[in-house]
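Going by the order they are written in, the chains are A, B, C and D; count residues from 1 in each one.
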Amino acid sequence: MAAAHENPDQLVTSSDPEHPANLIPSLCAKFWTLGWVTGTGGGCSIRDDDLVYLAPSGVQKELMKPADIYVLSLKDQEPSLKQRTYLRSPPLYKPSQCTPLFLAAFTRRGAGCCIHTHSHWAVLVTLLLEAKGSSVFEINNIEQIKGFGKGMGKVGNLGYHDTLRIPVIENTPHEEDLTEYLEAAMEEYPDTYAVLVRRHGVYVWGDNVHKAKTQCESLDYLFQLAVEMHQLGLPWISSIAQIGPQR
Amino acid sequence: MAAAHENPDQLVTSSDPEHPANLIPSLCAKFWTLGWVTGTGGGCSIRDDDLVYLAPSGVQKELMKPADIYVLSLKDQEPSLKQRTYLRSPPLYKPSQCTPLFLAAFTRRGAGCCIHTHSHWAVLVTLLLEAKGSSVFEINNIEQIKGFGKGMGKVGNLGYHDTLRIPVIENTPHEEDLTEYLEAAMEEYPDTYAVLVRRHGVYVWGDNVHKAKTQCESLDYLFQLAVEMHQLGLPWISSIAQIGPQR
Amino acid sequence: MAAAHENPDQLVTSSDPEHPANLIPSLCAKFWTLGWVTGTGGGCSIRDDDLVYLAPSGVQKELMKPADIYVLSLKDQEPSLKQRTYLRSPPLYKPSQCTPLFLAAFTRRGAGCCIHTHSHWAVLVTLLLEAKGSSVFEINNIEQIKGFGKGMGKVGNLGYHDTLRIPVIENTPHEEDLTEYLEAAMEEYPDTYAVLVRRHGVYVWGDNVHKAKTQCESLDYLFQLAVEMHQLGLPWISSIAQIGPQR
Amino acid sequence: MAAAHENPDQLVTSSDPEHPANLIPSLCAKFWTLGWVTGTGGGCSIRDDDLVYLAPSGVQKELMKPADIYVLSLKDQEPSLKQRTYLRSPPLYKPSQCTPLFLAAFTRRGAGCCIHTHSHWAVLVTLLLEAKGSSVFEINNIEQIKGFGKGMGKVGNLGYHDTLRIPVIENTPHEEDLTEYLEAAMEEYPDTYAVLVRRHGVYVWGDNVHKAKTQCESLDYLFQLAVEMHQLGLPWISSIAQIGPQR
């Protein structure tokens, strides 16, 4: 790391496609095709041990390059997290307002990757819940629910009959001001790997890139299904008798 | 095969793009873009004579590599099929819970390829059928129905006026426990090339990769059309007088 | 051409990407991504003077290769068009049942290219029209209508206020039996560049590849818009006062 | 520039992917995949200081090449803008009817890029507004609204609680005749970066390519969301109490 500190660009220079500085641009390009990071919205951050890799504010997410990536060290940060110092800052850019939200997933949940999307399906789910005065998305008895872990420190994934619960927080004019509400939702829902933001999108994290991506894809799938089910008059929660052996 | 047994990696090493170990990753990457294998869900298995090639559990389907593929020999398996032995197992992975379902298509129907998707359209069709207490999807008088064979051992494909019937089985908490219900549905619908799984997705097979892919694409097209027809108040079954010469 | 007759494979061998034997596979791959030729359905044929290039029956449209293409000479064909002779036939394949329908566009309209899609939007439009007992799709006052020519031998394209009319013919069990109905629709609608086939799809042609593709894309756009307008309770035909100078 | 005037093709020849003659084709290819420029509709123009780069009329937007690009000098144009002179004209093509609309964005707003789409979502929004006799699209309290600047010469972007207003002008039979109405809408809505055209599409511009693309993507996202909200019975305008600190 000493060498890296001397030349910060080395922190984002690697021929390994799995290096966070390469992965963030390739993941974001893929997310753009899914409609998750339209119009510079949304983003993705990866933590590698103590180092956090972050996309800058306001970039076209499908055009990002490794040289655009910010890097910070978690141990360098002030406890308040309001003022951040970076090991490496790209020229011309500003840090993303999502930064404290990504850091919350890393410091409070030990996540290795956090994805933020503006997916239509996420926004529509928050609007449908708003219309009935609810602040939690709940769905059960859909196979794709198995794509989620049971919760931090717990072994294994949710089962088919389990109810997936994703809290919704209200949006704020400044994205960084969401942090305290995101953290409160994490407190209230200690097992959740995602928080919806009303009229805005969703934050999804996981222990590593693989799990964060799997959970984000699974959740977007469920949000889409939930909107379609609503349009077809089908409820999100059902009581179905279990078939097959108990284990 | 002797050489392959001595070095199992040779079973998944080929420069031929049509080799099953190359085809499964390229097909799964294509299926990912169609929304069929989101969030590590779904999958694809190919049988080449006695050898069966299988994707592992829990991998990102669009990122799979030939080295990730399991290989087993059908003749090596115990009749019960509960305990399986593999000619080649990739390091770090676990076998897919879909394995016994793929094997059912290979051993009971002589299929050469079986595809499992979590397609939204398949799931929505099972939900619409559930709402009216039905366990079979039926549609007729749509050209794309011609994309299906008449049934195992029968010559030719379904006609435009024929009714395509796809049975629906109830989902189980553990995917491998679906096997007995899938096999029962195969018994009850001896001509079917596909079985829907309630709130889960669909299994589609064919005599070879080409036919399995054609049937899976055609079926997904019909599921999408069926959901759209339902939204527009149009019935899936109609009686239309035949036009043109009889043959 | 003499050399070509001596070695038919030369008819489909060219390094020019605009050669019909190269264009048909590249167009069909693009159409597959649009959902127009799912499950081996649909297709595309190009006429170059007297030579007609055709895809075979039952191929995966996004995987087609130049070597898969049939070639025939229009002047070689019997007037009845029931028995066709080919200058070049690919091994292993059968001619497409769409062949006489493509030939109708070439011989009766002088088209240079004809595209057949199984697009959902086309099928849904025919179903919506069926429900109100109609056999003609009509829409006006949509900008994209300008994507269509006024008709064979007429100069220029339709205007914004013009009504685009596309006849619908009933489907037949055997695709080749559609030919007489397609030809009758061409007679009845001498200006049309497309014919819808109930519960099946659409045939669209143009003076050349560019115009056929433009008209097919524009029509699919209008079919999608029409279905969406129907879902929103908006009529396809409206009377809007003209704004701006007359010309 | 002297050299360029002597050989106009130099105006569109560059190895820099950010050169307007390279950017317009690559952007249009991307827009085609989004359904914005189907069937040769829509387009994109870039201004570099005094030079304006324009796509020709009636080309397949995803197949465009740098050699297809028109170039004109703003200072060479007659004040009336009816008769235009080009520094460089591609052979075989005609100038686009969109030209005076693009020029309006460049001369009246100092835009660096203007995008015109035929997006379904834009057209459907104009139809929904027509049904209630409205000529302005309004939406608030959606995060993606932050993708828009406050207006020409103003610092910063709209906030979450701000109402985005996009005027709608009526369509004309000849696209160039839209110019006076577009200019009138610019006068009436001095802060807008976009104008909807009824039953046609939308024009969106920005200070540079990055901002025009961001605003066009954000707007299309909002149009899609608005149509989906309408289908779900959710209003586009809401009054939500502000959360978080004022600034």
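Keep in mind that, in the parts below, contacts are C-beta pairs under 8 Å (C-beta built on N, C-alpha and C of every residue); 3 or more make two chains touch, one makes a residue touch a chain.
Model, not experiment: these values are computed from the prediction.
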Chains touching both chain A and chain D, listed by label: none
Chain located farthest away, centre of chain A as origin (C-alpha): C
Same or different residue numbers at the chain A/chain B copy interface, by half rule: different
Chain A and chain B: spacing of chain centres that average the CA atoms, whole Å: 32
Chain centre separation (chain B, chain D; CA means) in Å: 45
Where chain A touches two or more other chains, by residue: 231
Overall pattern in which the protein chains touch one another (line/ring/star/complete/other): ring
Each pair of chains that touches, named by its two labels: A-B, A-D, B-C, C-D
Residues of chain B touching chain A in the complex: 35, 38-41, 58, 60, 118, 120, 123-124, 127-128, 131, 170-174, 177-178, 181, 197, 199-201, 227, 230-231
Interfacial residue positions of chain C with respect to chain D in the complex: 141-144, 147, 159-161, 210, 213-215, 217-218, 220-221, 224-225, 228-229, 231-234, 240, 242-245, 247
